[in-house]
C-alpha cells in the first residue's frame, strides 16, 4: 500500500470533468499550489470548488478561473479577484456564499461522519432561506449538512509516507478539515519524510485521512497583503 | 468629533483584563493600538490564531502567518495555532469575550448589516455571520452617517442582514450608544468632544433614548 | 474445530493490504499476530492511536501509552495520536476499513448483542456501539454455542442489542459464515477442519443457507 | 489575569456539592490525579461525574466512590470497580451508560458551541429510547445533546501560563475534549512552563479554554494492565 505519488500530475490524474473539489488555504496562505498548476495543465472542466476564497487574478484558484475550469465556487469570501467578478456578473460562474464557520464545520462534519451540524450563523438572514431552523435552549440554529466532495486537495508543511501531515502557522486553516472531508484526499507537502520521523504526538492530520501524498516543488507562497513595521 | 483612531481609542476602553477579543477589519484593528496598559488581552484571528501580535518587522514577514484580513502578522508568547473549525468552535462556544466589528447599518433592536449591498459585487460574509451570531458582547465601530449623510442607526436595517439582535454597543465619531434589550432603541451614553446632543438626535434615525445629561466622553 | 488462535488466524486472512483495522478485546486482538506477510496494515485503537504496535518489552511499558483494552502497548513508525472525538470521528466516517469484535449473539439479519446480560452487572458498551453502527465491514469472532450449548447464531437476538443489521461475517470454532443482506440468513462458506456440515446445522439456530459443497477452510 | 493556581486545593476550592464535573482520562491513563485527591480531601458531595470510566477501587474516581461523593456517573465503561458495583446494586449510585464516541462527541459539541450532534451509535438499541432519530441519506442517526458541565478537570503533560496544554501519547484521550467543554476548566500538568516555551504549532488545547492551571505533584500514573513481551 503505497500512498506516495511522484508529483501533482500523477496525483490528480483521475480528477474528471464535473468533479467536486475541496481546496485548502485561507487567502493565498496554505493553498495547494502544485495541484492547482496541475489541474490548469490538465484542463479539467466544470469543477465545483469548495474553498474559503477564490485566489487572486493570477494566483491560486484565480488561475483556474482564467482558464474557465470552474463552474461553481462555494466560498465565504471572494473579494480579491476581477476575473471572478466578470464571470459572476456574466453568469458564467455560479457562486454560493456561506459563512466561514459554517464552511469549516461542514468539513469537520464530513470528516467526523456527522451528517449535519447546527450553527447560529446566518439565522434571520438570507443564508437561512430554505434551511431548517431549530431552537435549543432559547437560541435558534440552522441545520447545515456535511460536505460531500470527490477530492480534497490540501497543502501541508511536512508529511510522511504514512500520510501524516503537519501544518505551519496559519497555513493550517482549512487544510486539516478538508483533508478529513474528501472521499479521496491528495496532500502536497513542502517536505516529505519517511514514516517514523514525525512525532506521533504532534501530527495534525493522521494518515488514515490521506490517500495520496507527494513532495511539492517550486512553492511561490505569495503574500497577499504584506504589512510590516518600520525598523527603528 | 472623533477620527478613526479616536473611535478605536474609545472602544479600547471597553476591553478588560483577561479578555479574548476578535477585531474586525478597519477601525476595529486599530483598537489593538490602544489597549490600556497593565491589562492582559489576547487577540483571536478567526483564520486560526490566538495571541496575535503586531505586524512583523520589515523582512521578517512570513507567507505562512497572516491574520483574517490576510495581512502578515506575528505571534506573541503564549500563542496557539488551530484549524478553522476549532477557531469558529471557540467563537460559537462564546470563549471569545468581545467582538469588535464595522457595520453599514445597525437597527434599534441590534440587527446588523455589513456584508452586502444590492446591485454591487458581493464579496461574501467571511466570518462575520458566525461572529455576530455567536458573540455575547459585540461592539460596532462605524461612522454615524453614510456618505450620503443618511443615518446608519435605523429603526430597521434596509440592507441584507448579517445577524439579528446581536449588537450591544455602538461607537461612532459622534457618540457612544448602548442597544437596549427588546427593541428598546439606542441609548445615548456619551457625546464625542464638541458634539451636541442635538446633532446626535438629528443624525440618528432609529429610536434614540436620551436620559438626563449626556456626558462628554473621556478618551 | 478451531481454537482461539485458529479463529484469529482465519479472520486475519480477511485483512487486506492498506487496511486500517480496529480489533476488539479477546480473540480479535490475537488477529494482529496472524496478519499475512507483505501487507501493510494499520491498527486503530479507539482511545486515540493509529499504528499500534506489539506489547512493550518488559521495563519499557509506559502508563501514558495503552490500547482500548487498557493494556500497555507500543507505537510503530508512522503512528499518530489524537483525541477521542477524532478517533470516533474517523470510525463514523468509515475511514477504518474493518472492525473485528466478539459477540454473545448474532441474528440472521446481522444484529449483534455483546454488551449486556440482564441480571448481571453491566459494565458498559464502551466503544462497541459506535463501532458497529459505523463500520462498513464487521467480522465477528465468537464461539458457535454458549456454555449451555445453545446456539449464538439466532433468528433474533435475545440479549439487549449493541447494533442492528451490521455484522457482515462470522468466524467461529466451527465455520465461516456470511450474513446475507435483507435478513437472508447465515450463509455457510467454510467448515473448520474436521467439522461436518451436519454439526454446523445442528448448532445454528438462525436460518442457515447451505449451498452446494462447503469446503474445509485453509488456514 | 493570572490563570496559575498554587495547587489542586486552591484550584478546586469553589466546587460545591451537587456540581456536574467532567474528568479526563481513559481507564487510569491521563486522569487528573491531583484534583481527585483534593476533591476527596474537600469532601464535596452529590457530584455528577462525566468520565469515560470510573477508576478502580483504590485509584482514580474509585477514591471518590469510597467516600460516597458521587451521586451519578455518566460513562461508557465502568467495569473495573467492586465498590462501584456494590453502590450501583444497592441503589446508592446512579449510572448512565452511553457509547464512548457519543461521550466524546458530546464534549466536542459543548466545546464547539454546537447544541446537538447526530451519531448512528445506539440506533435500534436501548440507548435510542426517548431520543430523536433522524434519517440522513438512508441511514438512521440519534440526536445527542452537548454536555453542560460546571467544571472540567483535565490532566496534561505540559502547560504554560497562558493555559495552553500538550498531552502525551494516549493520555490525551478525552482530556482536550473535556478541557473545551467545561464552563470552568481546571488543568493539572506534569510540567508548567512560562508562556512562550511551547511551540504554538503543537498546542493541543489553546489556552482560551483553560481557566485555571497548576503544576501537579506526586503523580503515581498507575498502570491498569501491564502487558509486556519477554526479552529474548
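By letter and in written order, the chains are A, B, C and D; residue numbering begins at 1 in each of them.
The rule we apply is simple: a residue touches a chain if its C-beta (ideal position, glycine included) is under 8 Å from a C-beta of that chain, and two chains touch if they have at least 3 such contacts.
This structure is a prediction, so every number in the text was calculated from the model and none was measured.
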item	value
Chain located farthest away, centre of chain C as origin (C-alpha)	B
Interchain centroid distance [CA atoms averaged], chain B/chain D, Å	36
Between chain C and chain D, centroid-to-centroid distance (C-alpha), Å	28
Distance between the centres, which are taken as Cα means, of chain C and chain B, whole angstrom	56
Euclidean distance of C-alpha centroids - chain A vs chain D, Å	33
Residues of chain D whose C-beta touches two or more other chains	105, 112-114, 119-120, 167-169, 172, 200-201
Contacts with two or more other chains, residues of chain B listed in rising order	75, 81-82, 85, 88-89, 91-92, 134
Touch-based graph of the chains, sorted into line, ring, star, complete or other	other
Touch relationships between chains, expressed as pairs	A-B, A-C, A-D, B-D, C-D
Touching residues (chain side chain D, partner chain A) in the complex	105, 112-120, 136-137, 139, 141, 145, 166-169, 172, 200-202
Chain D residues within the chain C interface of the complex	26-30, 52, 75-79, 85, 88-89, 97, 99-105, 107-108, 119-127, 157, 167-177, 204, 221-231
For the chain B and chain A complex, residues of the former touching the latter	45-49, 54-73, 75, 81-85, 87-89, 91-92, 111, 121-130, 133-134, 160-165
Residue numbers on chain A that touch chain C, as the complex places them	1, 110-114, 160-162, 164, 180, 194-196, 200-201, 203, 206-209
Chain A contact footprint on chain C (complex, rising order)	17-18, 20, 39-40, 42, 44, 50-51, 75, 77-82, 85-86, 88-96, 134
